[in-house]
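Same chain, two partners: subunit A is paired with subunit B first, then with subunit C.
And then the complex of A and B:
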């Protein structure tokens, strides 16, 4: 999974929600020359293998780089707070009410900006509107968990959210 | 795109060098600021090593806010090069490495008259560093 963890911090600095989903992604670097025995297809803004199998590369694997040039485009201008290391990128979005949403993701993962806003939307829909949830307390709402996990999956696949999604 | 300022620290937290090019507001006394900066970097480094899901090679590289981006490079001997630029600047690890190897090591470490472990007095180092930073492609004389 390219998104490693999600944390929600309240105004006082206490952690009110935590989700860790780290599964090491198997990466194999192979050098091929033309012609390639694989059929590639553009799917959801990623280039995937549609047919063919070679050296452990199967249907569903994605092309990460061509001749060393990164395919996805690493550095997007976020405008939000962001901390970068060689193994992860930490993105933080602070709301006007002092709630901080922190996402730890793979450095190549795009669309974290819209993911942070989506998490804020999910927080206001499933945590704040829940009559049994008190503000600044740890979030124990099942619908929040479910929708958050769904949003993470969508973010990893597509990278962006459309309006009203 | 521009460079705001540059700090150089040694492994004990002593600020070896500080220069600024475009700084809009001064906050506090310089000596306090160096300690604050070093303390913050120390805390961020240990935070990053705890949070990282994988083993790290290079560690903490950079962070950005809505106003500026702070780039960080640390050598195995504990010398830290910190550069604040504006947001349009991409990865400049090689630039910081050049500042360390071609400027600090060549002009200060190899100079028998420059005592290590305290602020660099060498005028040659100061002027070479200044002209190097001004020659960088992302440095513009107008404050961006």
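And then the complex of A and C:
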């Protein structure tokens, strides 16, 4: 999963929701010699495998590095606030009411800004409209969990792409 | 279709009238309930309408009238500013869907603010974005006035520095 964690922080700074789902990305390293047995194509600034599945490299996988040099160059500045390291990017969205939504994702994951807005909508729908949920308290709403996970899946599919992935 | 909502609201007010003898109590209860709704509704409003930070009270009132009222009640009240220090405003409602089926207030209930829920909602919503305000009905068609007017008076902002200092 390219999105590692989602946290929701209330006005007082307390953590009211946490979702951690880290699964290491499948990465394969293989040595090729010319000519390559893979057919590569350029899709939205990424180099993807279009044909030639073998040895753990499947159609839709992106080329990350060649001879140890990282292929993907610059990252676009995303999100209201952001912290970037080489293993993850932390995005934060603070609402006008003081609630903070924090997402930890793969540095290559795109579309986190719209994901943060979507999480805000899901929060307003399934947490706030639940008459038995008290504001600022930990969120224990099944519907919120479900819809959040769905939104994460959609965001991941939209952010990483390629035929058959 | 708003009918179910309007009828539910009517049933709510009718029940409150049975539960409480004094008009002030019913009004207060409606305001309290509205406050609870407002504190939640504001997040839904902000999430869906994508309005940004406002820089003046009149901007906020305009957004309440033109975006929020439109979104939730399908009406757009007009806005007037009532004083020179620009912190007292009025929303004039030409049409009010909540009172569609109400002819007049019952006898003995002449100071009932039928739509006081709306006042509570506005007050709760503003408080969640750190604006203290007094919201009351200044005029009410149901009481014989020509229009329905909601008065909003902004009180001194709390924590002004904290929220002005956004990077």
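Throughout what follows, the second predicted complex is superposed on the first by the 116 of 165 C-alpha atoms of A that agree within 3 Å, B and C clash if a C-alpha of one lies under 4 Å from a C-alpha of the other, contacts with A are read in each partner's own complex, and residues count from 1 in each chain.
Everything that follows uses one rule, which is that contacts are C-beta pairs under 8 Å (C-beta built on N, C-alpha and C of every residue); 3 or more make two chains touch, one makes a residue touch a chain.
No experiment lies behind these values; they were computed from the predicted model shown.
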Clash-or-fit label for the pair subunit B, subunit C on subunit A: fit
Subunit B versus subunit C as contact partner of A:97, first or second or both or neither: second
More subunit A residues in contact - subunit B or subunit C: B
Touched partner set for A:4, first subunit B, second subunit C, both or neither: first
A:87 touches, of subunit B and subunit C: first, second, both or neither? first
Contacts of A:135 with subunit B and subunit C, given as first, second, both or neither: second
Subunit B and subunit C, minimum CA distance [Å, superposed model]: 6
In the complex, subunit A residues that touch subunit B: 4-5, 22, 24, 75, 77-88, 90, 104
Residues of subunit A that touch subunit C when the two form their complex: 95-99, 117, 120-121, 123-125, 128-129, 135
Sites on subunit B touched by subunit A in the complex: 44, 48, 51-66, 87-88, 90-91
Interfacial residue positions of subunit C with respect to subunit A in the complex: 39-40, 42-44, 46-48, 50, 53, 128-130
